[in-house]
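Both complexes shown next keep chain A, but they swap its partner, so chain B is in the first and chain C is in the second.
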Partner chain A sequence: MSALDDAWARAERLPDAVLVAGYIVALWLVLAVVAAAVGGQQATNLAAGFVGSVTLLIGAYALLTLALNLQWGYTGLFNIGIAGFMAVGAYTTAILTAPVNPSTAGGVPGFGLPLWVGLPGGMVAAAVVGAVAALPALRLRADYLAIVTVALSEIIRLFVNWRGAAEVTYFGQTFGTGGATGIGFKSPRRVVADLVTGVGQPVVSAAQSVGVSAPNVVNIAYGLGLLVLVAASFWLLNRLVESPFGRVLKSIREDETVTQSLGKDTRLFKIKAFMIGCALMGLAGALFRGNAGYISPAQFRPTVTFYIFAALIIGGSGSNTGSILGAATFTALLFYLPARLGENLPTFGASSPGNIIDAVGPLGALNPGPLVAYVAGNVSTLRFVLIGVVLIYIVQHRPQGLLGYRNEPAASVDLSRPRADDGGETDE
Partner chain B sequence: MSEPDTAEPMSATATDVPTTSDAVDAPLLEVDGLRKEFGGVTAVDGASFRVAPGSLTGLIGPNGAGKSTTFNCITGIHEPTGGTVRFDGQDVTGLAPYTLAKRGLVRTFQIARELSEMTVLENVMLAPPGQRGESATRAVLPGLREQVQEAEREVVDAAWETLDFFEIDHLAHENAGSLSGGQRKLLEMARVLSTDPEMVLLDEPLAGVNPTLEEKLLDRVDELRRDGLTFLLVEHDMDVIMRHCEHIIVMHQGQVLAEGDASTIQSDERVLEAYLGGDV
Partner chain C sequence: MGIAKSVSEGRQLAVERPGVGVLAVVLLYLVADLLVKLSGTTVLAFGVPLIGGSLSTGSLLSMILDGLLVGLAVGLAGIGLSMTYSILDFANFAHGDTVTAGAFLGWVAASLTATIGADAALSERFLFDTGRQLGAASALLPILVGLVVAAIGTVAVVLLIDRLTYRPMRGADNISLLIASIGVALALRYLIAFVFGTQTSGVASSSVRFLILPGLAVTDNELALLFVSVSLMVGVHLLLQRTKLGKAMRAMADNEDLARVTGIPTGRVVRFTWILGGALAGVGGYLLVLESGTISFNFGWILLLLIFAAVIVGGIGSIYGAMAGGVLIGLVDSLALIWLPSGLTRAAAFAVLIVVLLLRPSGIFGGVSTA
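Here is the complex of A and B:
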């Protein structure tokens, strides 16, 4: 344990970008090793598939966790309506970019705008809805914001699911949410795929020569594209919080009355932080849930909200670097890897029993096969037990998360004492 | 809020007390007929007093006299049920704490409220008014951020000077939550003075502070008064009040019972009775 602590203490002193990049590469390697162990002839392509899927998850969750960190980790705004703000962003993007004359039967028409209009449009819409949610709650205590946001996120999901909103015509323009069947729109992945098969053709050829299929190259490219967005958001958010602005956000989290007593109009700060976070959630909603150019209400159930909280708690609330590490840990190690391992557990010829008793019973006869088969067959459910155990462990033994409470002062400059010859002592 | 019968005879009698007006011709803070009710309980019941600019005024009274509620009403934490507060010649009744702080009226809290998961230096750097980098766009945009950093360097320098002044500079990079009770009181003073105030309301700044530190704090207050700051002090240590305050206000049951200098107060029988629990 102490060796692990030492290693971690050393890792913590690395520059943040190196730490994050190294961590993600390490996760890729773990997945590649798993793929090599179970893939046989197809190992390379399997590894590429794993890496592509997990990179998409890491990128999407990192965006969401960074957004929540600004709201909750920095400002103490308890937003449990993340799924709702993702939905607003995704649906706005979808309605703006859906084709005016949908080719498929029953498709919902939209405004046919390009994605570079649709995505910012989704961000603005999510920010505006965030402001509307926050306004009444700003004058109240933090718990009320939580109630308002979780209720709003369900209202949004039920609204887009509603038949009455599926297709409407105003001012000669027909558009809508598509109701329960969802809505097809310009696929962000399509954009990346066109790039890859166009200018990226040499890369695709090279990949195919080692056995990686073209769709997997697109997957990886799309995931990397998200990671670029994560890097940009990280840079932007770090600048935002390492400043007097971030200092006020932190102090609101610590004690809002004191912050007000020191002359800060906390309402403005809270609403700004909340809107910026919601905009980022909206973007992530469109690029994650809508990556293939199709969304439906079922993708915006509140569960994702709690995944994001779990990721942030694991990573360390209050640290942007920790947010990304938490998102990577949660998605890769707790969510994706167990499922892949479960699929490939050797079951010694046993088939998965129907219940836990039939699975545990044969252990008495020293036959582990049924239990292993049971675990393998139910791994997508059982991993929530793993997530729960990890959360309990973290909350008890490292409540600050992987990187929380680290010395990340909210200031834009070096905080060490000015040297005496700088004139620090000559004032007055 | 503004029921017809808020203007009770109480406030009228309170303003009739002649003791203050000759002592203070142009008060910096003027509280007139201040009332605060919580449900059926009247915590402040028509208190009226004035604080002269540049003075150190003591506000004393037995527990439950309404001193802290008076503070909360003056500084906008609570909205008064009735009465007015004037600061620097303007009616500031019911204004938000941040508006008052921007005008130069700030306070400390009875139980020190440090921002515990921020460093001591961050606590102090939060306070200076009008920081350009408090705008999100200026903090982020290239070109503008450089100006923010320029201003920020001055804030850092000033914060270190303040920490030196209060002799807590060795704790600059510690989380404020790990400070001792006395150090927290010092930090609160340091923070509140960094807002560049005109008047500071100190709510029991010496409670839990050891005698050496106490002397130091009082020296600081005297020093700052020479720079033109005004202090209103709630304190239970009678010795401190009598030795340091040139004007003392005694509250009892939500009203101002007596006012005057130390000798006047000490010879006032009503004050003695209030403290000893007798009927007035």
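Here is the complex of A and C:
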């Protein structure tokens, strides 16, 4: 444990950008090694597929954890309605950009606007819903706010799932949510794909010459695009929390009454922070869940919210760098890697039995094969047990997460200067 | 004099708490609408249906029965959540999955008991997707065994979770405990999925129907739910009012420090809180499956928000509130169908939760504590 702590202590002294970039590259290398071990002839393409999928996940979760960190880590607002705000952003984007005359049968018509209108539109809608939710809810205790937000997110999901909202006509314009079947719209991935196959054709050719398929190049490009967005949000949020505005947020987290007594209208600050966070969640909802140009209500169940929470807590709430590291750790090491390892676990020739009784039974005859095969076949289930256990362990033993609450006092002056020359006795 | 006084009081209330006033208007409209609907007439204004519609008394009664049944089971499950919320002071997000665990343990036991002596492989007796359906009238003994196992098994699960997760964290702030409970919820839910799979299986179906009124029938399984949940609620009431343990629990829910000063062994009371709450949650889950007929690894998780709604509407910490809140939320969930399309009834129950939290966070019986 101490060696690990030592390594962390050394890593923490690195500049944040280097730390984050180095960590993500290290995760890519781990995935590449796994792909090389199991891929055989297709190893390069498999590695590219792994890296592409994981980069998309890291980018999306990092956007979401950054948003949640602004609300919870800095302001102390316990929002567990993330899935709902993602849904508002994604659905608004979808309705704004869905084609006016859908080509597929049963498709829902929309306004046919371009994505550069649709995505900001989604962010604004999510921010407005966030404000409406925040206005009455902010005077509630943290755990009541949690329950209100999770209930709101379920109401939003049930509403978009509702048949009556699937397709409506107002003022001659037909639009809707598509109900339970979902809605197709302008795919953000399509934009990246056009860019890659157009301007980036030499890159695609080079990748194909080493065996990486074009869709995987698009995948990686999309993931990298999200990471650029993460970097921009990171820069913006860091500016924000280091500004006087951010100092007020941190002081609200520490003690709201003191902040009020210093003459700050804390409600206004809380609502603003909540709206900014919700806007970012809406954007992430559209770009992550809707990356292929299709969304449906089942993608916005509350479980997503709790995964994002797990990611933030692993990384450490109260630190933007920690948020990104947590998102990377959660998605790559806890969410993605176990599933890929499970697919390729050696099973000693046994095929996976259909149920646990047939898997445990042969243990009596000292035959672990079926059980191992069963475990390997159900790794995608077991990884959530792992996530739960990690969450409990972190709350019990390292509540600050990997990098939480470090060195971010709510003061504008440097509190760490030596006090020797401040006067007073020196020869005690 | 009397009328003038109440009018002025009413005006004062409307000015001070506009939310309550709006709520009262909405409720009055809904009641009036219900009465007009029952009479089968529709009032139109400019060709738009303003109020009314049609609704038969029979379907209203069966909706009420439906809501009552679900509400009783939810209330039963909510008692544990309410007690841990007030005594340990945190919102336990793992409670829904405790309900699932109880249901699975109980139904495995019922299934094993029902197939004693049958010539079937263990996997077929143990697991559910075999087409076997139990009913309270046709398989009374297995159902009873399952009920007992659901209670005892859930207590064991809950005590183990408390030992591993919450006891090392006693005194931690309520948000840390809440996050830990999210971890417990994930681990427990997917352990169940690992053992039983992620499919939805049919395990129970009623074998007898009793016609109470024309258009209103009740099945043996529903009667079992009604009987067991009402008698357990009476039992909890007696436990709280007549025993020393019950008095200690009420004292701790009201004021923990004062209880400790008085010499109440708070650690032991906390353990009994888990035992009682766990047993009732397990039984609640078991009965819900008996009523609905199907079981899946995440039904308790989906139910959790409804249980929270019951507890909050009834007032956190109040055990009677949890029971009444459960019934109320069950009724809202089923009666909302009169006014809302079928996709949105659950949303109405959550809306009630939000409205109560905003307007009256102490619950609709607020101020009335466990005593």
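Simple rule for what comes next: the second predicted complex is superposed on the first by the 394 of 428 C-alpha atoms of A that agree within 3 Å, B and C clash if a C-alpha of one lies under 4 Å from a C-alpha of the other, contacts with A are read in each partner's own complex, and residues count from 1 in each chain.
What we mean here is this: a contact is a pair of C-beta atoms (placed from the backbone, for glycine too) under 8 Å apart; a residue touches a chain by one contact, two chains touch by 3 or more.
These numbers were taken from a predicted model, which means no experiment stands behind them.
Who does A:K250 touch here: chain B (first), chain C (second), both, or neither?
Only chain B; A:K250 stays clear of chain C.
Name the contact category of A:R239: first (chain B only), second (chain C only), both, or neither.
first
Mind working out whether A:W116 is in touch with chain B, chain C, both or neither, as first, second, both or neither?
A:W116 contacts neither chain B nor chain C.
Name the contact category of A:T259: first (chain B only), second (chain C only), both, or neither.
A:T259 sits against chain B, while chain C stays out of touch.
Where on chain A do the contacts with chain B and the contacts with chain C coincide?
The overlap between the chain B and chain C interfaces on chain A is empty, containing no residue.
Given the complex with chain A, which residues does chain B contribute to the contact?
75-77, 96-98, 101-102, 106-107, 109, 113, 115-119, 121-123, 125-127, 129, 131-136, 139-140, 145, 148-149, 152-153, 155-157, 160-161, 169, 172-173, 191-192, 195
Help me check something: in the complex, which residues belonging to chain A touch chain C?
78, 136-137, 140-144, 146-148, 150-152, 154-155, 158-159, 161-164, 302, 306, 309-310, 313, 355-358, 361, 378, 381-382, 384-385, 387-392, 395-396, 399
Over in the complex, which chain A residues touch chain B? Could you list them?
Chain A reaches chain B through residues 236, 239-240, 243-248, 250-251, 253-255, 257-266, 269, 272, 276, 318, 405, 407, 409-415, 417-418, 422, 424, 427.
Can you tell me which positions in chain C touch chain A when the two form their complex?
Residues 90-91, 121-123, 126-127, 164-165, 168-169, 172, 174-176, 178-180, 182-191, 193-198, 305, 308-309, 312, 341, 343-344, 346-347, 350-351, 353-354, 357-358, 361.
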